[in-house]
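Right after this note come the structures.
In what comes next, chain A is part of two complexes: it sits with chain B in the first one and with chain C in the second one.
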Partner chain A sequence: MSQFKYLINRWSRSDRQRSVNRDLQHTQKTKAALSNQLDNNLQLLQKVYADCSDIIFHNFWIGDQIQAVLIYIDGLTNTEEVDQHVLAPLQKDFPHEYNLETIRKKIAVSYIKQVETIDDIIAEISVGNAFLLVDQENQGLSIGVSQWKTRSIEEPSAESVLRGPREGFIESLRVNTALLRRKVRNSNLKIRTMSIGTYTTTPIGIAYIEGIAEPDLIQEMMSRLERIEIDGILDSMYIEEMIEDNPYSPFPQVLSTERPDIAGAYLLEGHIVVLVDGSPSVLIAPTTMFALLQSPEDYYERYVGSTAIRWLRYLFFIISLLGPSIYIAVITYHQEMIPTKLLLTMAKSREQIPFPALVEALLMEIMFEALREAGARLPKQIGSAVSIVGALVIGQAAISAGIVSSPMVMVVAITGVASFMVPRFVVGIAVRVLRFPLMFLAGFLGLLGLLLGVIVILNHLLALRSFGVPYLTPLAPVQSSDHKDVLLRAPHWRMNTRPHLTGMQNLYRQSSNQRGINHQRMTMDDEEGGFYEL
Partner chain B sequence: MNYRRKISFILLALMSCSLLLTGCWDQVEVNDLAVVTMTGLDLTDENQLELSVNIARTSSQQPQENSDSSSGQLTGKSVILSTTGNTLAEAVSKLQQQLSRQLFWGHNEIIIFGEKLAKEGIAEHLEFLLRHPETRERANMFISIGSAKEVLSLAPQIEHYVADDLLEMAKLQTGLNITLKELMQMMISKSQAAVIPCLIIETKQDHQQSYPFIHGSAILKKGKLAGLVDSSTTRGIMWARNELDRGTVTISPENSEGYISFQLLSSSTEVIPYIHGDLWRITLRIHTLDDIIENTTDLDLSVSKHIEELEMELEDDIKRRINKALTVAQEQMNADIFQFADAFYRKYPNIWKQNKDRWSDIFTKLDVVVEADAKISRPGGTGKSILKPNQE
Partner chain C sequence: MIEKGRISASQLGKILYMAIIPTSLLTTPAITFKYAKQDLWLSPIWAISGFITVFIVLRIYRMYPSENIIQIMERIGRRIPGKIISGIYLLFILYVNGVIVREYSEFVVSSFLHTTPIVVISGLMVLVCAMAVRGGLEIVGRFAELFLPIFITLFLFNIIPIIADLQWSNLFPIFGEGIRPSIEGAFVLQTWFSEMIIASFFLPFVADHHNAKKTLSRSLLAIMVTLSVSNLATLLLLGELTGNYSYPFLILARYINISNFINHLESLYMIIWVLGAFVKICVFYYVTVLVAAQWMKLSNYQPIVYPLGLLLLLFSQWVAPNTQVLTEAIAGPVTLAMITMFVIIPALLLCIVWIVNRLHN
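What follows is the complex of A and B.
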């Protein structure tokens, strides 16, 4: 692992340092303040915004006597609001004596901010606010009239449920924080903001519930985010890879979701949610292996079924990792382990196959992954064509052509289905990638090799931490009180405590004895003939 | 630092290459295996060992019209090969020369010894089967009345392979079900006597219809065939060895005409050794639970008195069967096939050590007390036999 790190460092270190230096020079240049002269200021800003055709400099007179300029970005600003609530009141019957305060009072917009430096002005304008420069003033007003088209709130297609809320995050940070606020209506839900990216200055929201989330964890998250120096953040993945404990691991150490209900659930368990403007997936940290294997629907269906499905998912997770390699190992080295009749059937179906089982499996697995990738990238209308061709290629045709045997097709198909059982796509990818080295080990060394690979993976998982939380909690280290939400999905009236490593400072999430009607709480009231609670 | 990292990186790369260098030395594809399903061992007239194997044929000889190898239909064809040699290993290596595929013993389910070979002794041939890493210790052992090769060449009756037929038959436990491991345990036990089920071939008009089935058993003493016993005695042996799993016992009650059949639900046998001075005694305590499945007598089975009487008679019948087996073992063969010797050794190790040379004498005079405890759990749906309405 360290060698791998070394290589990556060698390839990327020099480039990164250079670009950061350049950016710093660029930012220092604009740290100038406004002067009293409108012309000077205007010149300065026009120089900053040279060749920016979407920036509008609107000259006008306040009350026919003071020259003023309104600067905004066309398309990001609601021009109707600018006309009605900014230009109209200022141009009409304005008193003779004026200053910024009186102008401010005239403008019928709730968000107004005084700004002094060019830097801040640029920041305000890029958000979509209109900026008002007035003659003889060394300050300007940033007016919150930003408005742009956003996608409507839809059900995230990657995380659909049969039962449960169907809203999903969108690309706007403000909408997303509002969605979170609608889930947790409490003043203790804190949302700090910062912006990352020297060019994109992407707003980032860090949400947590004060009193549940560990202050140390918040501190750590803030310091990791503040450390990031990057030119731009186009999706939350940029952040995810930069704040992970072990960035070389194939397993994600930050959970990403598009569902506000998941984010809300994790906030209540003391996790931190990082919202990134421009990305519908928010990041949740810390996370564990088992959190990644959970589906929101586990909590919205009855607990018996949810528990059973959870186990099914764990089983298929293992199958998707080990399925083909176990088959290869057994069929090439350990034939005595197969029941006699099955072995004879397998031998018969392999009779015409020219390749060893390993080659056969690799062929099919790569074919399958290619088909899956092609299907995922193609438009939906063409996607069906791929699946038809794929079904033919890796199905009957491959068998009749004598290239692969039918048990192998079955194994690959089961593995394929198993990898789709993993509710998080990132984990599915990690497992798919790890499957190939395991197949090689199984093909070269049999079950011994397979075991070797599994030991390496398990070691890695055991050593992995997400913001200090061991990845396999609560199984390793054992935390038996958290098993209720990992080995089982306990009914909601039994989920009395928060997970220990994240919710320790406010452990109890509900009072015990919450079962609907039970013997301690139930007595018959003779007079009214109904139930009442003691 | 960087230099050390570079070195260790190169070393790691080289070391991971060595993983591949080991290659796939023991890798075998299943279609390169000759899967032995059944082995027969005989003695030729020249006193040589004759090894016959039944190899499952997985390649279809004649291509079907809609050649669809996925269906994987077993044609039930198998190849029978035999070679001779001084030892089993020699015969095996000669056999391999005749084959294009590697012999695979991992699925050898059945091992049959010819009667003639069994008389000479089978112990030395078991050595190969136990030492070889691939052979199954759970293979079922049989002795064939006649030659083993003959059994191998028969066509299967119901299953795809004769081996399956025999295996399923043994599993039903209507007769003895002895595996290689059990045989070895018996042969190295204190008593050095073993019992193996016998196969006989039921011949129909043409040879095609012949099929083998388990009939009676053979008693081995120090690895050599000491004698054969019939089916009913074998069941007595099975009672005493606690191997009886299922079966039907039919008795004719004393006070009435006709028969009553019991189906065995469960049975267990305790062996309790006892030594007092010169008296060596074994108590066999049998607990059994039965259902009545047929009643052709005029007894009313809904009367509990009758049931109690029947239980007594069933107990007597069991005792009779076991005593018959004991008589054969003690008097005719003088072979401790019940492993009483080990029971004594476990309980009285010191006394055993002093007397182990005298064991065959002790065994013939051994006092065996059979205590049977039979319970009838369900007399069936009707009380009296409805076909005999006049009886009271």
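What follows is the complex of A and C.
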């Protein structure tokens, strides 16, 4: 017993509470302020930036009399702008009287900030701003001339649509916030910023609409983000896994998207969007299972078709989870469920197969997943070769070699197609992982095992919350006014209310009378002068 | 309070429906038929114990909105006798749940997985239920909420395809031998209706308590209608044969044949059965755990979920040596015991509480 305890302790020691800030003291973080002596300041900064070959210290004279130094990072700063709008005005005909204020007014750049501590200077320079040190001043000016190469705005390849906006977020936080601001042109769209990561100091934007998003939710999000102490954030996934309610769940509790229109739509429903610099995927919280099964196109096509497609998607979502296991259960334990003729055909094709259905299905599923992964990771040209080989190996050779039966291939193929129908890749992964234990259960206990497995998964989903919102709302707990956007895709003129758990403080999103021109004429002709209730 | 979760009144209604219907759907038609013959479908209307229990539960709830009947028994019975009574109740609920688990397992073994040991079937079910119960009241409520539509859809899917095959002449004569047989047939149904008493354990955690009365009566009514419809369908399809099968409603599923393609849907019935039994066992399991935790004055019930699960599994093996004994027990002693424990004693309790309150005033 004591040995066991020792092991547990030893194992958990590596996990003991530790603050990374203490470990990071050797990074030259200092609250030191600037002095009046330019040489001292320069020495200090040169020490900080020792061995940084991309830092440029440019000495020059302001108006032929005062010594000044301009510090910036090569590549992050627009040198042309520095030459034309900073150096040129300062070096030419500068008046006799000078102080920081007059210098500031001379510089033809709109973002200028007075900075005094080394910490802040480093922060400003890292962003790409040029920093101006002037002799006899204990403050410096940070000049916003940062500019670096970004990807152009393109359609996100993982979330393409036939109809609807095609722009996608890119890796720059500022461009992304601008994209959001272009969707929601209102001063109530608030974007708070903070930076996370002791080494990367990645800027994070937290966007929400004041008056719609619950203040508690915003507070919760801020405190969860402020908790994070990490060396670096390289993608929004780092944040996602750190702010989830149940970090062990295979299901994502934060929705991530590359589309500004989706982010905008969720902002309008009272959700919070977290933008991470360096990642084109923004995070949306809270989310539900059903939000993860929706595609942006649902809202850009006619509602009848969208509703039908939504149901098709739900059906195939279930198939992608249960397909192979239902097949295994039926073929192993419940043959009577199969119509006789079909059963005969299936029996004939299974006659030669040496494996039980479970082994056969496992073989094929693992093979399929492997091919899929190989195809996804390889360059496009080779990827197609993999899929051809895979199709031949799986589809043709395996059957004629008598290793798998053709119905099995069909089941695996249908499951594969079904898993591609899930619009969010993350959910697809969860389903792909969960498919295997279900296959085992079905192989051991038939439909009963399958059902018990499904109940266990449901048990997890029912207990799961995303920022306090139950994961399966509005089905369980039932919230019937939200069914219009889950069981159906109600026409936009019927989407009168926001979802209850996020938009409660500002419930109505539109007036109740939005049905279009015919309806309006009808109400005008109405002698009572009343309005028809929708 | 020991339970931090809250449920809505409609969730409570769904919990009750899902806790009572599944097993009664399966086992009652055969037993009822023995007495009621062609008046089988009228028996669910004599849901006297259901009405009484709902009345008692609501009355007591009005007087003590934050306590269940067992807590009130402890309060009335003072320290030692109170603890003894509630201890007996704890064991009784555990026993009832054991019967339910056994019923479920017997059915699965006899109809689908003939060679699987019964302990495996019961054990897996208890394990799954334990996970849900550990999640708390909210999870149980949401399960009921989620499964109810599925359950009703499958139920209708079991009945609608055979409508064309129903022999309406099986119905007559209605009240052929007077009203008596249908009442006699209703006797065994009282077991299920008296289960409405479990509402008392959930009511203290209902958020919108003003809907309590409405939701209880609605779910009682829904139970009566469902049982009546299922009995009617069984009777109209099987007629005199109803009594020959131990699970007549399952025969309905076997009978379904849509254009020679969709047939032999017993497995579909198994889905209904497993989902229903799961919720039912969960509900009783939860009540057991809650009562046990309150009995021992624990601050949290989660630690005792798995140990009680083990006990539940043992009880399910102990209740009867085989199916025949189990069915006989349900038709006789279990019914009597449940009526005593779930109807008569609570009625006495209500009287005592009422008198005590009068005396105090």
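Convention: the second predicted complex is superposed on the first by the 492 of 534 C-alpha atoms of A that agree within 3 Å, B and C clash if a C-alpha of one lies under 4 Å from a C-alpha of the other, contacts with A are read in each partner's own complex, and residues count from 1 in each chain.
In the analysis below, a contact is a pair of C-beta atoms (placed from the backbone, for glycine too) under 8 Å apart; a residue touches a chain by one contact, two chains touch by 3 or more.
The shown structure was predicted, so the numbers you read here are calculated from the model rather than taken from an experiment.
> Which partner does A:462 contact after superposing on A: first (chain B), second (chain C), both, neither?
second
> With both complexes superposed on chain A, which partner does A:242 reach: first (chain B), second (chain C), both or neither?
In the superposition, A:242 touches no partner, neither chain B nor chain C.
> Spot which of chain B and chain C makes contact with more residues of chain A, would you?
B
> Go through the superposed model and pick first if A:363 touches only chain B, second if only chain C, both, or neither.
neither
> For A:429, decide between first (touching chain B), second (touching chain C), both and neither.
neither
> Pick one for A:445: touches chain B only (first), chain C only (second), both, or neither.
Touch status of A:445: both partners.
> Contacts for A:336 in the overlay, against chain B (first) and chain C (second): which applies, first, second, both or neither?
The answer is both, since A:336 touches chain B and chain C.
> Quick one: is A:55 in contact with chain B, with chain C, with both, or with neither? Answer first, second, both or neither.
A:55 sits against neither chain B nor chain C.
> So, does A:487 touch the first partner chain B, the second partner chain C, both, or neither?
neither
> A:478 contacts which: chain B (first), chain C (second), both, neither?
The answer is second: A:478 touches chain C but not chain B.
> Touching chain B in one complex and chain C in the other: list those residues of chain A.
Comparing the two interfaces on chain A, one with chain B and one with chain C, the shared residues are 333, 336, 445-446.
> Where on chain A does chain C make contact in their complex?
These residues of chain A touch chain C: 330, 333-334, 336-337, 339, 445-449, 451-452, 455-456, 458-459, 462-463, 470, 472, 475-478.
> For the complex, which residues does chain C have touching chain A?
Residues in contact with chain A: 8, 10-11, 108, 112-113, 116, 121, 124-125, 128, 131-132, 135, 138-139, 141-143, 145-146, 260-267, 270-271, 274-275, 278.
> Quick check: in the complex, which residue numbers of chain A touch chain B?
The touching residues are 2-3, 6-7, 331-333, 335-336, 340-341, 343-353, 356-357, 396, 399-400, 402, 405-406, 443-446.
> Applying the document's contact rule, which stretches of chain B touch chain A when the two form their complex?
My answer: residues 2, 5-6, 8-9, 12, 19-20, 22-24, 26-31, 33, 35, 37, 56, 58-60, 68-70, 72-74, 104, 106-107, 109, 134, 136, 160, 164.
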